[in-house]
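Next up, some structures in structure tokens.
What follows is a pair of complexes built around subunit A, which joins subunit B in one and subunit C in the other.
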Partner chain A sequence: MIKLLFFGRLGDVACDAPKLIEANTPAEIRDLLAADFPELGRQLREPQVLVSVNQMIVSWNQPLAAGSEVAFLPPVTGG
Partner chain B sequence: MTVRIAIQQEDFNLAEEYEWLRQISPAVGAVVTFSGLVRDFESTDGARNAIDSLSLQHYPGMTESLLQEIVDQAMRRWPLLGVTVIHRVGKLLPAEQIVFVGVASQHRAAAFEAAQCVMDYLKTRATFWKKVDQNGREHWVESKDSDQVARQRWAADD
Partner chain C sequence: MSAITSNDEPLSHDQFMRYSRHLLMDDIGEEGQQKLSNSRVLIVGLGGLGCPVGLYLAAAGVGQLSLCDPDRVELSNLQRQVLYRDVDSEQYKVSCAERELSLVNPYISVISYPTEISAELIQDYDVVVDCTDNLNARQLINACCQKKKIPLVSASALGWEGQLVAFDFSQNRTLCLNCIVNKDSADPVLNCSNSGVIGPVLGAMGSLQATTVIRILLGFFEQHGEMQRYDGKIGRWMGLTTQADKNCEVCGAA
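Take a look at the complex of A and B:
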């Protein structure tokens, strides 16, 4: 299973989304989520949303190993 | 080279942070400190709206390693003797301190530039997200293009 984390505004639209999922890439996770949660799917497809695997920013086609932590990151606003 | 990175709910003490940077080495000839505060308003499409509080969320673990990378990059670019980065999380009220960057070096140019560079990268890369509470209504802060522009002036080293 892959563990999912949603930060910032994505957390608000993902409150009913699964936090564990079976998938081979972040892009596949995004498509699976979009099927059940259209607004979440729309926001995950925004070009400025980044994805990390085990806390490293990666491409959406990065192959996933079982037990990975995938996080969806909207543009950051710290400081 | 001495580095301190902290993500915490508690406030920080500017005098103590300055003292810490000052005593790192007798070779320190310049200490530049930056403190970011919570404004009591937000500008949205030219309008100025009062805010009640901010809530800061971050990605534990990833934020610390991104801040370390940002500091490492500054250390490769300038001859620095010490760097401190403190970022607060949780609920913060207007006028509270939110972020601190302090840089110690032998000469001022490196300290000024490195402090600015670290802040510009922190604003655009470090995994923090701000939520505004305005009269009981909450919304997430949108990122600003001007912050990306500010970071890009250091891009030669990117």
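Take a look at the complex of A and C:
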């Protein structure tokens, strides 16, 4: 199983989303979540959302090992 | 007569008193204070991040601060941009900031550029601090700093969240901001103007930027490309490692 974390405003729309999931890549997780949680799926597809695996920023196609922790990070570009 | 100390002049009595809390620290001392006094730092963006960055670097005695921002002070800035006063409305931010920072520390030099950032402005600085609010400016600053081997400290904030990432391009040629963000996609939908931001979150991130600048100037920085995220709503920090993109158009061929 893969452990999921949602940061910032993504956490506000992921209240009912699963926190554990079976998937091979972050992109697959995004698609699985979008099927059941359209608003979360929409926000995960916004430009510049970052994804990390075990606290390393990776690409959406990064292969996942069982037990990995995947975090979704919304963009913060204001200053 | 200018109060600015030239490169190798010993600290005056007033400066010893002013910087005494630095001088008491074994890893700063008079030598470290002289390094700060001889340093040139460019702050790009004098908004919610740039204000605390400017205040702390001026107070710390960074010898030359250059300020770049084309904007004028608006009433809606005053909730978080702590250098400006109610009477500053419609004035250039850099002019107001220059006034305030010079009042904080008359021993430093402050130079204002009330313009958009450009490659020509990024010259011969010891560190560039990216406090801008849009992706285009961030990309331009990143590419210039990488090319000219100038350390870059970049931060941003939105809502309750802040993010900081710093690059010591003087020591590392690969891994840059362009490796981490997707340059081909549009600016994010939400920004401080349409989504809001908590002022002290900007203060926290700006203070962390100023701390990182001082670390770089004193030679203590070893976290090239590491990202710090802060979620003020739940009070948590998170450190994230990043990876160089070997196909990066900015640093990939380095």
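Basically, the second predicted complex is superposed on the first by the 75 of 79 C-alpha atoms of A that agree within 3 Å, B and C clash if a C-alpha of one lies under 4 Å from a C-alpha of the other, contacts with A are read in each partner's own complex, and residues count from 1 in each chain.
Basically, a residue touches a chain if its C-beta (ideal position, glycine included) is under 8 Å from a C-beta of that chain, and two chains touch if they have at least 3 such contacts.
The shown structure was predicted, so the numbers you read here are calculated from the model rather than taken from an experiment.
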| message | Just to be sure I read the superposition right, which of the two partners does A:Pro47 touch: subunit B = first, subunit C = second, or both, or neither? | response | second
| Which partner does A:Pro38 contact after superposing on A: first (subunit B), second (subunit C), both, neither? | neither
| request: Name the contact category of A:Pro63: first (subunit B only), second (subunit C only), both, or neither. | output: neither
| query | Once the shared chain is lined up, is A:Pro75 touching subunit B (first), subunit C (second), both, or neither of them? | reply | both
| remark: Dual-contact residues of subunit A (subunit B, subunit C) 7-9, 48, 52, 55, 71, 73-79
| field | subunit B-facing residues of subunit A, complex | value | 5, 7-9, 11-12, 48, 52, 55, 71, 73-79
| query | Okay, in this complex, where on subunit C does subunit A touch? | reply | 45, 47-50, 130-135, 138, 155-163, 180-182, 185-193, 195, 197, 202, 227, 229, 231, 233, 238-243
| task | Using the touch definition up top, name the residues of subunit B that touch subunit A in the complex. | result | 36, 56-59, 61-62, 65, 87, 98-99, 119, 122-131, 140-143, 147
| For subunit A, which residues count as touching subunit C in their complex? | 7-9, 46-48, 50, 52, 55-58, 71, 73-79
